[in-house]
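You will see subunit A twice below: alongside subunit B first, and alongside subunit C after that.
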Partner chain A sequence: MAQTPRKLDGYALTWRLPIIVWQLLFFIGPLLFMIAMTFFLVKNYRMHEAFEMKNWFKMLSRGFFWDSYFLTLGLATLSTICATVIAFPAAYALSFKVSANVRRWAIFLLIIPFFTSYLVRTFSWYVILAESGPINAILGYIGLGPYTMLNTKFGTMVGYMTLTLPLVVILQTVSLANIDKSLIEAAHNLGCGRTRTVFTVIVPLAKTGLIIAAVFCFILSFGDFVAPYYLGGSKPPTLPIMIIDTTKSGQQWPRAAVVAVMMMVTLFTVAFAAIMAAYRKKA
Partner chain B sequence: MKSKKSLSSIMTPSRRDMLKYGAAAGLSMPFVSRAWAQTVEINMLAWYGHGEPDMVSEFEAENNVKFKPKYYAGGDNMLGLIAQSPAGTYDIILSDAEFVQQLNDAGYIEEMDPADYNFDDMLYDDFKQFPGHWKDGKLHSVMVRCGHLGVSYNKKAVTAEEAASYKCFWKPELKGKVGHFDWHLPSLGMMSLYNGNGANLWNVDDAGWGKVKETTMSLRPQVGGFFDYGGTFNSLKNGEMQAMCGIGDWITGVLEKDGAPVASVVPKEGGIQWTESYSIGKGTDKADVVKKFIQYMLSPRGQVRSAQMAAYPGFCITKAGAAALREANMKEAERTGQIEGAPNNPITLIKEGRIHYRNIPQHPSLEDWNDFWSEYKNA
Partner chain C sequence: MGSDRTIKWFLRGYVLLLFCFIFLPIFASLVFSFNSQRFPTVPLGSFTWHWYETIWNDPDVWDAVRTSIIVSLCTSLLATFIGFCTAYTDYRYNFRFKGGFLALALLPPTIPLIIMALAMLAWFAKIGASGQVWSIIIAHTVLTAPFAMAVIRLRLNQMDANLESAAWNLGASEWTAMREVIVPFVKPSIISAMCLTAAVSFDEFAVAWFVSGLNKTVPVIILEIVTGNIDPQVNAIGTFVFITSMTLVIIAQVLIMTREKKDAQA
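Showing the complex of A and B:
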């Protein structure tokens, strides 16, 4: 029997249309324009429409681009690992060791940092991490330091954690809190120790949420300009800093667009691979 | 007696008086609102600080205008902002002098009448005919202030004697403590000066450029970071950086006045001059009041404000302005050498050939400078 074609559901379309229009106007449109821009040329600080591969050849043939690329990739990966590992015990405690009321308050407190500007929070680290700052002063009392923490990769990582850690804790907590507790009890009843329960029961059950949290951390760190610039001293620069540098120098927006497209391709690849892993069912 | 009566009638108004005053107030309202409405908004494109109250409040009050500043950081950024805005967006544009030619070529600024400005009062002849400000005998921009870039240092880590040469940046004790202002023009310009390129610092042959790159790369292990204005300011203030390449008194001056042990000097290899000039934006319908503001900035009152600008100080460029500064704030005049006979007098330094105006590189091209700067930062 031939299948009848599905009728267009006007009601559903009406409700779906705004998000489709939004995505077209504010994501697909600018994305296409950015890709087109990579082929434009700049003459006397003004961008001219063209279709030339010059910017691609120019950027991708430079050693410093690839240095920045792998540095950014490495730092974002390290940030993701650190945030995931640091956040997990906190999320575990909030999910299984405290009352629902305490959990609600903790999540509220984790949201509060987002009320203030990330730039302001970063600048406060500038004072705290300085050689003459409070951390080095405390270390000085026990005969340590002073240590240079600003303008180093450590500084960058502190900035990344400031940006991502609260979000990762929240996402992990939500994910862990939704695990069916009876499965954990069953594991214990069957003689599974605490550590083994975490790695063989809790982590696999919360896998999707944990991976999504890690992906968010990676995306935010990979695209962050503030931490590597202000706490890392732009030394060496990451890709977001390179975008700023490129636009500042001779108004090379097309070359900056090449960097941006490369970043987007990387993020799409990582996010796609992570989501595939998150939703993959065991054979 | 009469006056007493009048006063009492005001203090205890009758019903008739109330009606009279009420009607008068009501009738005058349209005029009050019209007076408010007449406040003219002037859109300014400038480096940070130029549209702040310490610079414009006096002029605003006297002329019933209100400045609406849009700030940029660097000439490239400025050109980008103008290129993205429709003609007439900016009534007044403050530009680094080396970018005026580009503003003019792109048709972003109006021609100005030289008779409107007192060029005879300029402290130095070059300031009257500043490169790029005139084209085919027509004036397009007026210089209003300048400053010198050289070695900026923490007095506790570098002696004045050491700071007399760019060589101090390579001092072993400063490893990881030398900062760069994140802009290739002043930093690489200084390396070019250190290599002895003098007046040709912006125009070096291939061999010379190779040496500039080599010298710059040799500094890389000393470098603790690349900073914008805020970062430069903070890192010098908290002692993270003890020497800074690419800046001058425009940053250390603010810190020095705040008590920080920092200073800037023009070393023996020479320094670079930053120059700021005002132009009238193309298509503005407020050219008259903008012209008046530029005249104000060239006046002694404007020059004194500019010399003490809260965001970053600059030198007076008119004789009357420098004299007014000495009268208003002798301490600041002395600190910046703006007194007769001072060894660091800005005009004396220019006359001695130790100062070179910042410029767009002629050879190799700006693009090559940019590329190398990116390579250097990544090294």
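Showing the complex of A and C:
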């Protein structure tokens, strides 16, 4: 704004400083300390500040770490693909096939799950999917099953979808609803079929939003320990479960920090690559 | 256009099915909380208050509820204050490194909670602040301040950009203009930001679990019960948490909507 004083006075600082001080102390501070911690040593259950590569060698030379790493990467990728594919028809319907009022209500309903305990919802699935649970009981009436759904990849995916689908549907709907409708009509008028319109007009136009939804889905799935632990059986553990086990029972905070730093590097790489793809101009 | 209608109805059915998937666990947990079976299945058992009585008589649950209320109340005040300062700065000022400033403010939700949990645990141990109720409050403020900022920033967007300078021209100091113009205008968003941050804090379990020590919050109690065994108490606690959070969210939503209507009329 025009009236902004050039000089940084007490008034301006009052509003600017709180977040800077708070985040440096309690957000950047912890993250940097965690990176430093990967070089610390643990002797007799006590952590000593040091600068050694020991933890990195210990973790990265073990097969079990890489097993978990690629398992987590694979599960999060699968979850991202599932969520994107499952959410898209719903987002399409909410964007083009219902009134604005219905769309508002649908988005309001989709916000509700964010304020219900994800733990309780997971526990609910645990009961629903159990060998003797309601789904197998109903399937039993028509002579099917019982199926083992807990402690499988299917169980993990059900958990991931519970966590991510509401957000992915919301983000996809918002980006699809913002598409200029006349472009779609133009495609139809020029004789472009329905399916072809979706893939050659709608998806490219909404590309940025669709990719951002997928990135959020990947971040959430990659960092979630509840679904793979309670519904997936955690054998082998995913990286978040490994962080918990290493921290809680082993007192090996530096090694847990190595896992955490590896996760962050992976997430930044994936997010950066995806955002580059999202904003890339068409060749 | 017969096929058009078929597709339309097919898509609507699909949306309905998706919503069923999303709401099934929430609904089921509500039903299970009144169901007498320890291992719920179909057909359901008889109606019971038993699980609610169990948690009502459990002193651990009461302690957790007390801790949770303190944590979410303090978090909502702190996070909303910090969020307001940040939103106002973004609204009014342009300066060098503003991109970095906003990144610093908005980044926390993109870091997985389990990583924040480990980082906070180690940092608090280092600075001698671990295992306290206020450790959870500090951590939750970091996680929720971006939400408060977003809510208040959206409200500031609706304000006439000349309102504040008009107050200055009429002789008000910057502080007076803040008190008499800005704060009254964003007040509903301040209250909704408080409700939202309180609701998020009331539900958060990963960071709270790591940094809380012996001061467990309600979600941490849930986590511990779930880890132990199948125990339908969890559904009763979950229903209680759900009602608390939803009340907060609905208050927040109503405040935003009525204010929008008033603005539209004015």
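The rule is simple: the second predicted complex is superposed on the first by the 255 of 283 C-alpha atoms of A that agree within 3 Å, B and C clash if a C-alpha of one lies under 4 Å from a C-alpha of the other, contacts with A are read in each partner's own complex, and residues count from 1 in each chain.
What we mean here is this: a residue touches a chain if its C-beta (ideal position, glycine included) is under 8 Å from a C-beta of that chain, and two chains touch if they have at least 3 such contacts.
Please read these numbers as outputs of a predicted model, since none were measured by experiment.
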When both partners are placed on the shared chain, which of subunit B and subunit C touches more of subunit A: C
Which of subunit B and subunit C A:249 touches, first, second, both or neither: first
Touched partner set for A:161, first subunit B, second subunit C, both or neither: second
Touched partner set for A:273, first subunit B, second subunit C, both or neither: neither
Contacts of A:26 with subunit B and subunit C, given as first, second, both or neither: second
Partner chain(s) touched by A:237 [first = subunit B, second = subunit C, both, neither]: first
Partner chain in contact with A:133 - subunit B first, subunit C second, else both or neither: both
Subunit B and subunit C contact sites that coincide on subunit A, given as residue numbers: 123, 126-127, 130, 132-133, 230, 247, 253
Of subunit B, residues touching subunit A in the complex: 73-74, 76-77, 79-80, 83, 102, 105-106, 176, 179, 182-184, 223-228, 230-231, 234-235, 238-240, 366-367, 370-371, 373-375, 377-379
Touching residues on subunit A, where the partner in the complex is subunit C: 1-4, 11-12, 14-20, 22-24, 26-31, 33-34, 37, 86-87, 89-90, 92-94, 97-98, 106, 108-113, 115-128, 130, 132-134, 136-138, 161-162, 165-166, 169, 194, 219-220, 222-225, 230, 240, 243-244, 247, 253, 256-257, 260, 263-264, 267, 271
Complex contacts: residues of subunit C adjacent to subunit A: 7-8, 11-12, 14-15, 18-19, 21-26, 28-29, 32, 39-43, 81-82, 85-86, 88-89, 92-94, 101, 104-105, 107-108, 110-116, 118-123, 126, 138-139, 141-142, 145, 149, 161, 165, 168, 174-175, 199-200, 203, 205-206, 210, 219, 222-223, 226, 230, 234-235, 237-238, 241-242, 245-246, 248-249, 253
Complex contact set, residues of subunit A against subunit B: 44-47, 62-64, 67-68, 123, 126-127, 130-133, 148, 150-151, 229-230, 232-237, 242, 245-253
